[in-house]
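Could you have a look at this structure, given as structure tokens, before my questions?
Going by the order they are written in, the chains are A, B, C, D and E; count residues from 1 in each one.
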Amino acid sequence: MLGLSVTLAHYLVVSALIFGIGTVIALSKRNAVAVLMGVELMLNAVNLTLIAFSRFSSAFGQNGQPLSGHVFVVFVLTVAAAEAAVALAMAVLVYRQRETVDLDRINLLRG
Amino acid sequence: MSTAPRPATPMARQILEHRSLLQRAYALPGEVFFPLLFVLLGGLAATVGIGFLVVAGYLDGRWYDIRDLGNGTSHFRYWAQQQGLPPSVAYLTTALLGGIGILSLVGGWLVIGSWVERRLIAKFQIRQGPNRNGLFGLLQPIADALKLIQKEVLIPVGADRLLFFLPPILIFLPAMLGWAPIPWAAKMSYVDMNVGVVYAIAISSLGVLAVFLAGWSSNNHYALLGAMRTVAMMVSYEIPISLSLLGVVLFTGSLQLSQIVVWQQTYHIWMVILLPFAAFAFLFASTAEINRTPNDIGEAESEIVAGFHTEYSGMKAGLFLAVELGNAILVGAMMSTVFFGGYSFFGLETWIPGYLILATKIGAVYFVFVWLRGTLPRFRLDQLMSFAWKFLIPLSIIQLLVVSVESLVIAQSDLPGLATVGGSVVVNLVLTYFGVRAWANAIGYAPNEMASPPIMTNGVGGLRAAEQIRAGR
Amino acid sequence: MTTSHNPTNAAATEPYVLNIGPQHPSTHGVFRLRVVMDGEVIRDLDMIVGYLHRSMEKLAEERTYTQNIPFTDRADYLAAMSNNLGVCLAVERLAGVEVPERASYLRVIFAELQRIASHAMANGTLVSDAGAWQTPLLYMFREREKILDLFEMTCGARLTTNYMRIGGVSFDPPPEFWPALQELMDEMPTRIDEYASLVQDSEIFLARTRNVGVISAADAINGSLVGPALRGSGVPWDLRKAEPYCVYDRMNFEVPVGRHGDVYDRFMVRLEETRQSVEIIKQAMAQIPDGPHKTDIPLALRPPVGEVYGRVEGPRGELGFYLVSDGTPAPYRFHIRAPSLINLSLLREMAVGVSLPDAVVALGSLDIVVGDIDR
Amino acid sequence: MESPGIIIAFWVLAAVTVGGCLMVLVARNLLHALVFLVLAFLGMAGLFVTLSADFIAVAQILIYAGSIAVLMVFAIMLTPLAARDNANSLYLLPALAAGLGIAGLVSVVAVITPWSELKGDALGQSDPVTTVSAIGDLLLGRYVLPFEVASILLFFALLGAIVLVHERRGPREGS
Amino acid sequence: MPAGPHQLDGHRVAARLGAALSGIVTRATDEWVEVAPERVQEALRWLRDSQEFDAAQLSNLTAVDRHTSFEVVYHLQSLDLNHQVVVKAIVADHEAPSLPSAYPVYKGALLQEREVYDLMGIRFADHPDLRRLFLWEGYPGHPLRKDFLGIGGGRTSGLGRFPNEDPANRDRMMNAGNLTSQDMPPEAGGHGSAMASGGH
């Protein structure tokens, strides 16, 4: 079944895999930048899901209505860019203050 | 002293005729041929396409219009459909053949472009340039390539081997992929994608990473410095490029490059007349993007030797140099397509194949790049950054506001296109002239006051004399 | 990892050491700068010279005064004529040798030709340092080549001329020299205008050189700067005016001085000096008398015991020769006051705190010749 | 019937993307991880193309592969050499469990759900769909409020990043 | 005496300098003034700041090895008044010579003193950066000293005699027409006769 045609389920499985890997990266890495990479991968997986749903809806290409999925992706991209900018700025700032980007060592709030 | 007649000894004659030798060097016809050569090469490199066309014509049993090689593709598909082949086979075949066509075209230009650049710069610098290998030294690039290929590829100690290996390949990809949306004639583009402009910007942004990796992995301070400079510059100058292209897109109402050409054809005007500031911003920012004078600070040889590819040797270095040249031609193609009417030339495209017209225009833009390189000194990084952020970007945004109003007028008003577009031309020219002047005054730039000749004195002295001279002026 | 909590000293990047040279396009020879950089900005600078050190001063103690003249060719190999002139004048003053008038005129002509050639090189490489891909350099080389042709015509060598002799010059120029020189001098002003127009008003060049590498007049004097570097800072000091040697007191010329003391001023001072040199050569050509070009001196010249500090205004500034004689045919001490080396005294002040491109241009504006630095 | 080209492209791109993601997890050097991340982003852009989302694909390249990757490069370069490893923390096993759990769960749900509402045979249709103008209409029509909010968000993110990283120059002059 | 055209009389300088800073002048000649080596910085500063001499620029700084002592020579000049002042300091200690640096007075002494240190081995106290200039650290000896790589046979370095002046060669050379009697020193012999067979 999987080999003959590409269906919505294929895309969803791929996106689930990417989301899972992104989760692992975000949860397990010590470096702040690496954690950010994981988060970006998770966002990307969600984007793929949105695009796939939009594409496989029966109304695709008519009146542009199902393109709402695309619009959501645009918003996700925007938020991802903003998040990356702020997060990396924070990483740099934290490095300057604490001389490390190891998240395990950044325990400022613990006092 | 004596006023002797013309000297008789050979040495003296040689010295006296020194200047006329130089004059003869000026008059050599080499540079007369360069546009011709570009046109010929455009045709030459399109031979692959023409051959394909002839084959397709044979298969279909019909004769084709060679002014647009895109016809051949559609006929081939039609023929394949008739033969009962699956459409994907026809698509893949045409894609493959088109890819080969573009690659051979670009490859041919890389060869000829390096010759033209060296030859032209030699003319600018009152010397001969390569003229030994073949007619006019035309075989020189091949000799260069052979030399580069047989050289040893060194990997510096402490280099990150994976990341050192990747960049020459990574940087080659965008230089080739960028050719995909360029329309060579009405139907003749590799992929006439409807997001062509955004695609071009996106592809050009891919080179940044390769440049950075090349510099970082070399384990060399010069390389790292060059890479950081180049990355900072490319990131900054993507914005003026995008803004200047956005102005064009606002007028044409389409991101499709072929539609941009068609718009210019329809109104019989080139975008460079309609949007002079955008064209300038695009040209200047492109020189920064592709690391050419006056913005070649990423590989400023008097400061950081060769920048991010200092440690590369042999064909890897050759690949970087080829990409630099290929990027110049690619930018020439984008520039001609977007700002100079692409394959059209005020009706001439019905008589002459569009790809030859485009090739000529690319050659002209490339000539400008070579000219700049042969003439201008180099900016400093902070000057470039302030030029982008304090000058190009604000003015581009202002221009975008003006253009959005104008495009609305052109699209919505009942006046004839000639009136609205002509009015926009006048408004834009006037606004560009006064806007640039006003902005330059506003940010306090006055170059004429800076150029001051030295003071001529007749006396001698020290600090006191210096103070007197300074007070006297 | 240490957690020294010091937010005010937040180093954005790690300082690193960059070795500029000994083989580097902007050092004009085997000259090395060891630079501590913070990003693009130079935090510290140390210059390492000596790669071309030939111990000329030691060698000179084993040779007669005449035999030492060729060494000076190799010291500042871009201004061999000026170096020859300097050592000859010093020895002549030490030994009391009279120089025929024609020889003095010839010396002036060749020294000024050498100045034009050297300034063309200096300005060309400066613009090349500023990134102009050698086009102005090659334009400026055009006239330099003709001047070197004239040298070759007269003494057979182009670079290491060894032309001056104690008591005159080695050869009288051949008859065809004069029309060639006349023609060159006639076309020279337009040529200078031509290559000035390439860069003088170029806004990029101005942006790169204005207010870069500024040296105040007081600093320049205190730092022993000489030549165009000193005059660029506004100090009207030219040994041809201050202490006229040869026949410079009969020449009518002006001294250009800069307004701000920056790289652009030093460039423009050199440019104007080439114009003045053309004027001097024209006057010398008009005034030159007939007569011998050389007085005979003993092969083993034995100056009296004593010392002399003879100096000329070379293209790079005050070129001094401090000679100590003990009455033997060889100098007891032979010291060359090398303008290239001493002009570098203020390099650290000029370069620290500015960005790398500025430092490169500032170094280029000092017009160093490594042979002159190392000797 | 779908064209085999699309099927091949899907499988290749899916393999590239998932492989790139895995390499991000595995790579020891942060910069190597970054390269694989860019590979994954590019693969993702390819997947978007197979879904006829050309504008989103190009935007993906522009924003993720072009900009965010470069941002990360700067972030890595502004921190010292010691911070350039991509080590895992003690939470690797729980994280693996969580990631596999999520992926497995979603996959199972995705496969067994009939998706009866969404049976458009979209991949088969050959006419190119223009998405740019439709997205533009939607952004400035129905979603104009979120669009404006997003632009404000971007603006403040820009400001925030500048404020965070801006060096206070005053006290440094003395040292 | 071969003084420069604008060189000041050493006696005149010595008189004014000695009047201002007593005991600083050790000797004066027509050409130069010798100052006490340990007070050389003081003398230079006074010369630089005095209205009369205004020695604003250190034109040249070098040293001469006198076998038993070192002469450090300062050529100062006033640009405004257009004259030169020559100051000498005799460093008596030939083994470990040392002298105050002129750098606090003249920045232009920076590299010249390094050169003198490198080639002559004279240490300049309170020089900010006294390292070898041309030769590398660890180079044995200081090459411009006269005893550097001492030549055997009691010879000192330097060309004592022009090789052709050897009485043995003299007649042969004169016969060959290569020399004139003008080329010959007034008296034959002298301390450099060993040079004749040196083959220089």
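Rule of thumb we're sticking to: a residue touches a chain if its C-beta (ideal position, glycine included) is under 8 Å from a C-beta of that chain, and two chains touch if they have at least 3 such contacts.
All values derive from a computational prediction rather than experimental measurement.
J.: Report the connected components of the chain contact network with subunit A omitted.
T.: No subunit A: one piece.
J.: Mind naming the chain pair that shares the most C-beta pairs in contact?
T.: Going pair by pair, the biggest contact count turns up for A-D.
J.: Could you tell me which chain's Cα centre is nearest to the average position of every protein Cα atom shown?
T.: Central chain: B.
J.: Name the chain whose C-alpha centroid is farthest from the C-alpha centroid of subunit B.
T.: The most distant chain relative to subunit B turns out to be E.
J.: Compare the CA centroid of subunit D with every other chain's and tell me the farthest one.
T.: E
J.: Provide the C-alpha centroid distance between subunit C and subunit E, rounded to the nearest whole angstrom.
T.: For subunit C versus subunit E, the centre distance works out to 24 Å.
J.: Measure off the straight-line distance from the CA centroid of subunit B to the CA centroid of subunit E, and report it in whole Å.
T.: 62
J.: Subunit A to subunit D: how many Å between their CA centres?
T.: Here subunit A and subunit D have centroids separated by 5 Å.
J.: By residue number and range, which residues of subunit A touch two or more other chains?
T.: Within subunit A, residues 99-100 contact more than one other chain.
J.: For subunit C, what residues touch not just one other chain but two or more?
T.: Within subunit C, residues 1, 10, 221, 235, 237, 242 contact more than one other chain.
J.: Which subunit B residues touch at least two other chains?
T.: Those would be 228, 460-463, 465.
J.: Which bits of subunit E are touching subunit C when the two form their complex?
T.: Counting only subunit E, the residues touching subunit C are 1-2, 4-7, 31, 56-60, 62, 64-65, 73, 75, 79, 82, 84, 86, 106-112, 115, 119, 132-136, 143-144, 148, 157-162, 164-165, 179-180, 182-183, 185, 192, 200.
J.: Please output the residues of subunit D touching subunit A within their complex, sorted ascending.
T.: 2, 6-7, 10, 14, 17-18, 21-22, 24-25, 30, 33-34, 37, 40-41, 44, 47-48, 50-53, 55-56, 59-60, 63-64, 67-68, 71-72, 74-76, 78-80, 83, 85-89, 91-92, 94-96, 98-107, 110-111, 113, 115, 117-120, 122-123, 125, 129, 131, 134-135, 137-139, 142-143, 146, 150, 153-154, 156-158, 160-162, 164-165
J.: Within their complex, state which residues of subunit B touch subunit E.
T.: 460-465
J.: Show me the residue ranges of subunit C that touch subunit B in the complex, using the header's touch definition.
T.: Residues of subunit C touching subunit B: 16-18, 24-26, 37, 39-40, 127-135, 138-139, 142, 145-146, 149-150, 152-153, 174-180, 182-183, 187, 198-208, 210, 217-218, 221, 231-238, 241-242, 254-259, 264-265, 268-269, 272, 285-286, 288, 355-358, 360, 364.
J.: Quick check on the complex: what are the subunit C residues that touch subunit E?
T.: Going by the criterion above, the answer is residues 49-50, 53, 55, 57-58, 61-64, 93-94, 96, 219, 221-225, 235, 237, 242-243, 298-300, 302, 306-311, 318, 320, 322, 324, 326, 328-330, 332-333, 335, 337, 341-342, 344-346, 374.
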